[in-house]
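Two complexes follow with chain A in common, the first pairing it with chain B and the second with chain C.
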Partner chain A sequence: MSKVYIALQDNDVSRYIVEAIEEDNPSVTVNYMPAMIRIENDHELVVKRETVEEKIGRDWDVQELGLNLITLGGNVDEDDEQLKLTWN
Partner chain B sequence: MAKKLNIKDKYRLLTRDLDWEFSYQDRKKAFPYEEFEGIKVTDWSKWEDPFRLTMDSYWKYQAEKEKKLYAIFDAFAQNNGHLNISDPRYVNALKVFLGGVTPVEYQAFQGFAHVGRQFGGVGARVACQMQSIDELRHVQTQVHAMSHYNKYFDGLQNWSHMQNRVWYMSVPVSFFHDARSAGPFEYLVAISFSFEYVLTNLLFVPFMSGAAFNGDMATVTFGFSSQSDEARHMTLGLEVIKFLLEQHEGNVPIVQKWIDKWFWRGSRVLSIVAMMMDYMLPNKVMSWKEAWEVYFEEAGGALFKDLSRYGIRMPKYTDVACHQMDHMSHQTWWTFYNFGKAAGFHTWIPTDEELDWLSEKYPETFDKYYRPRWELAKEMEAKGQRFYSQGLPQLCNTCQTPIINTELDDPTQLMYRSAVHNGERYHFCSDGCHDIFADEPEKYVQSWLPVHQILQGNCGGPELETILSDYYRMNVGADNLDMKGSPDEQRWKKWKGVA
Partner chain C sequence: MSHEIKTATIKPIRNTYLTTEQRFGDKPASRYQEASFDIQSVENFHYRPVWQPQFEINDANRTAIKMKDWYALKDPRQFYYATYVTHRAKLQENAENSYAFFEKRKLGTMLSDEVRDRLINFVIPFRHLEQAANLNNMYGTAYGYGTVMAQAMCFEAMDRLGIAQYLSRIGLILDGNSGESLDQAKQQWMQAPGWQGVRALCEEMLVTEDWFELFVAQNIVVDSLVGSVLYTQFDEWLTDHQAHDVTMLLEFMQEWKKDRTRWIDSVIKTVVRESDHNKLLVADWSTQWHEKARAALQPVAEKLVGNTALDMASEELNKNLIKAGIN
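Right after this comes the complex of A and B.
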């Protein structure tokens, strides 16, 4: 099974992003490691602006993800609404 | 009021409408390196950055990253952060990092500045320009982070002088020289794809998590800040590959050959990271082998499965690399322990707890092949017979690592290969490195092999000590030898008030 993944710095902004990811992708696995959070899923994972904004309580630009991002794996597709990772 | 553009439109405006037609100059002369590698590009407009990053957003977010990072550096320095690390042995991993990684970040900056000029497509030029600036940022942030340690520990003072001279530094340095002296498309496959996508996670993710776990706030912060750029670089690497494969079927065998070559080159460069993970982090996060399984076998497996639709397969000799991961860190650290006189950092015998951890993480190999060596080293040290190898290691003519890896079916036999070219015999550490040489012997006969250079009298000497002090500019007796009894250790004990 091909897994896409995203790793975020373990901080106060990422906490809400992780909550949003869990809500939008119920099958994800979340691993906490020193200073980082690694989230993986089979084939596809999506980070949605709307859900992050709801969790974080303010406007949030998908491009802001770069500030807390450590790494990712999968084909990326990003627009104003979401960042999507996929493997064929 | 004008409607705010969405990122797709902004990206299109930047990368499509900014280009121009050549009316009085020959386009081929403007991009002279675009064809000689045999790569065929029929439509540059198909190049798309999946993040659709434009310059305004790039500067905005990079500036924010820098502000966060430097605030942490300030806090770290003002609060004597070096006193909060887990163990002073840890700093030796930083010495390896600053000497081995930081200079190649600078080479990556130069490489992307160069190839960014050479591509006919604007999307590719913009992406390379951003990456070039990123790489320069990485150099600067790493130097700034480690300048604090340089005030308190030995071995960090001459890294830029040492990078082109010291025997083990030639491994990463020659990797980048090889990539930068190739054509622009090979450079992208080498660095953007094989190095960034397939391998850098192994350096910047588990090792940096380990830095955090060892109390090094400065390093984890620059590491993750760099890696956030790498996430973009990795994505570029994957897009490069897909773009080349989609442009022309004739590109497939060329790209596969480059993937094979640069995966193998990269796996050899990582031997030093393997050692950092397994031996130089006093508080352990995961073993090198576990990191390899997560970030290469699992992530790389998914990647190559995705690319199989283009006719791309796993890199040649993946099986050999995976097999050697059970041995690599042990053989590398043992080599540095033996050549500790000629290394610009301290080595040590793992503690009993660390030996137990290694036994647990490497059940197939550690107790059988490597633990007995450390038990012997302990015994010899206790008798006052600490052994330092007096010779110089034999280097592989391709990857320049010492020939220390062993045969798959017999871990007591060195893996050794050779080839004769124009009447001269050349030596290699593996079939992978032999094949790379055989494909372009004219390139690799020019390798600047540090051990050969010493033996030819080109590095001063002939005594090892004067080569180290005059040619390498090491502080002999302070930078090298064992951690035990070093000035680093004495200072640490004084700061901590222990005898």
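Right after this comes the complex of A and C.
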């Protein structure tokens, strides 16, 4: 089965997003590459607004993810609360 | 000719400072962590202060509250100097726009005498309470323990100075920059019987020695009561009396309140969870100061909003205290 993945620019904001992803998806693999952080998981991967806000210490809009996003793989299911990647 | 493009990875020699690494592990750290944790000196002080020889310069025993680790009191907003300044600059820019608009459109002239009277006699004198809040938080900054707490109190102190200035600006708008309304408000603060309780309350806080007791008194009890009466209930009263425009001038305070509540809640929750000793102290302090503050604020709250204003505010405070783990 293919993995879902998301790659973010390696910067101060992404660090908190990565932390939140690791907390919400304990089985993820995080690869630190030059200037990029690539996170993979089997089946699904979810980025939750609430967890990111807790880590980053301010209000955070799920759409802000786009500012630091390089690429992602998987079917996207996005609403105000979370962004979920899955393969059907 | 062909070019081969390769990426070379240059790893930083170290991820962060040694102190940060010891606390959070060897990984990239946030600026907040680097700028806030384990910054204050804890040992090798040469002399005890002559003005307080029972304590070291930085001494955790200046409050009765005990914490195993004072750095547990972190600020959920993760404010260190740069983030705080950026955040507040944004708020201030909005506030400046509102004040400029209010003045440009001369919205002050549309206010009824009743609204003007309440603003000058019962809102603007609160700037003196804000200054007490500034001093009280500065006291915590000076004598508190642990950088995360001290810096957050310093930011709170600066906020309060800002609010005092905004309240004064409201006065200057109302009197066309003559300063008359500020004089009148000062007279109220110094002489009107209704204000003397609040003035005495401020003075008592100013001489309270235990900095965490002062934190409970000022930032939790008094601010919660005043916040509810002035920035929630009076705000509604203004709307009901065709003075919506004034709420524009109080918006900074609304935003500040929303923002700092997260910090206050998190600090109090952590302290109370630490031990029963702390819980009892905080419960005791909050009950004592709640009683005093209620008595002091009653006449002002009554004139500002109405008889039941303070009951509502008290209920709100009690609910928050229970949520924080104090029953």
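One rule holds in what follows: the second predicted complex is superposed on the first by the 88 of 88 C-alpha atoms of A that agree within 3 Å, B and C clash if a C-alpha of one lies under 4 Å from a C-alpha of the other, contacts with A are read in each partner's own complex, and residues count from 1 in each chain.
The definition used in the following text is that a residue touches a chain if its C-beta (ideal position, glycine included) is under 8 Å from a C-beta of that chain, and two chains touch if they have at least 3 such contacts.
Note that the structure is a prediction, hence the values are computed from the model and not measured.
Asks: I'd like to know which partner A:T71 touches here: chain B for first, chain C for second, both or neither.
Replies: So A:T71 only meets chain B here.
Asks: Is chain A touched at more residues by chain B or by chain C?
Replies: Answer, by number of touched residues of chain A: B.
Asks: Applying the document's definition of touch, where does A:P34 land relative to chain B and chain C: first, second, both, or neither?
Replies: both
Asks: Which partner does A:D79 reach: the first (chain B), the second (chain C), both, or neither?
Replies: A:D79: touches chain B, not chain C.
Asks: So in the superposed three-chain picture, is A:D12 touching just chain B, just chain C, both, or none of them (first/second/both/neither)?
Replies: second
Asks: Can you list the residues of chain A that touch chain B in one structure and chain C in the other?
Replies: Residues 33-34 of chain A touch both chain B and chain C.
Asks: Give every residue of chain A touching chain B within the complex, in rising order.
Replies: 2-5, 7, 9, 33-36, 63-64, 66-80, 87-88
Asks: Note which residues of chain B are touching chain A in the complex, please.
Replies: It comes out as residues 6-8, 50-53, 57, 61, 64-65, 68, 201, 204-205, 208-210, 212-213, 220, 224, 227-228, 230-232, 234-235, 238, 285, 298-299, 301-303, 305-306, 309.
Asks: Note which residues of chain C are touching chain A in the complex, please.
Replies: Against chain A, the touching part of chain C is residues 7-9, 28, 30-32, 75-79, 87.
Asks: Considering the complex alone, what residue numbers of chain A touch chain C?
Replies: The contact residues of chain A facing chain C are 12, 15-16, 33-34, 54, 56-58.
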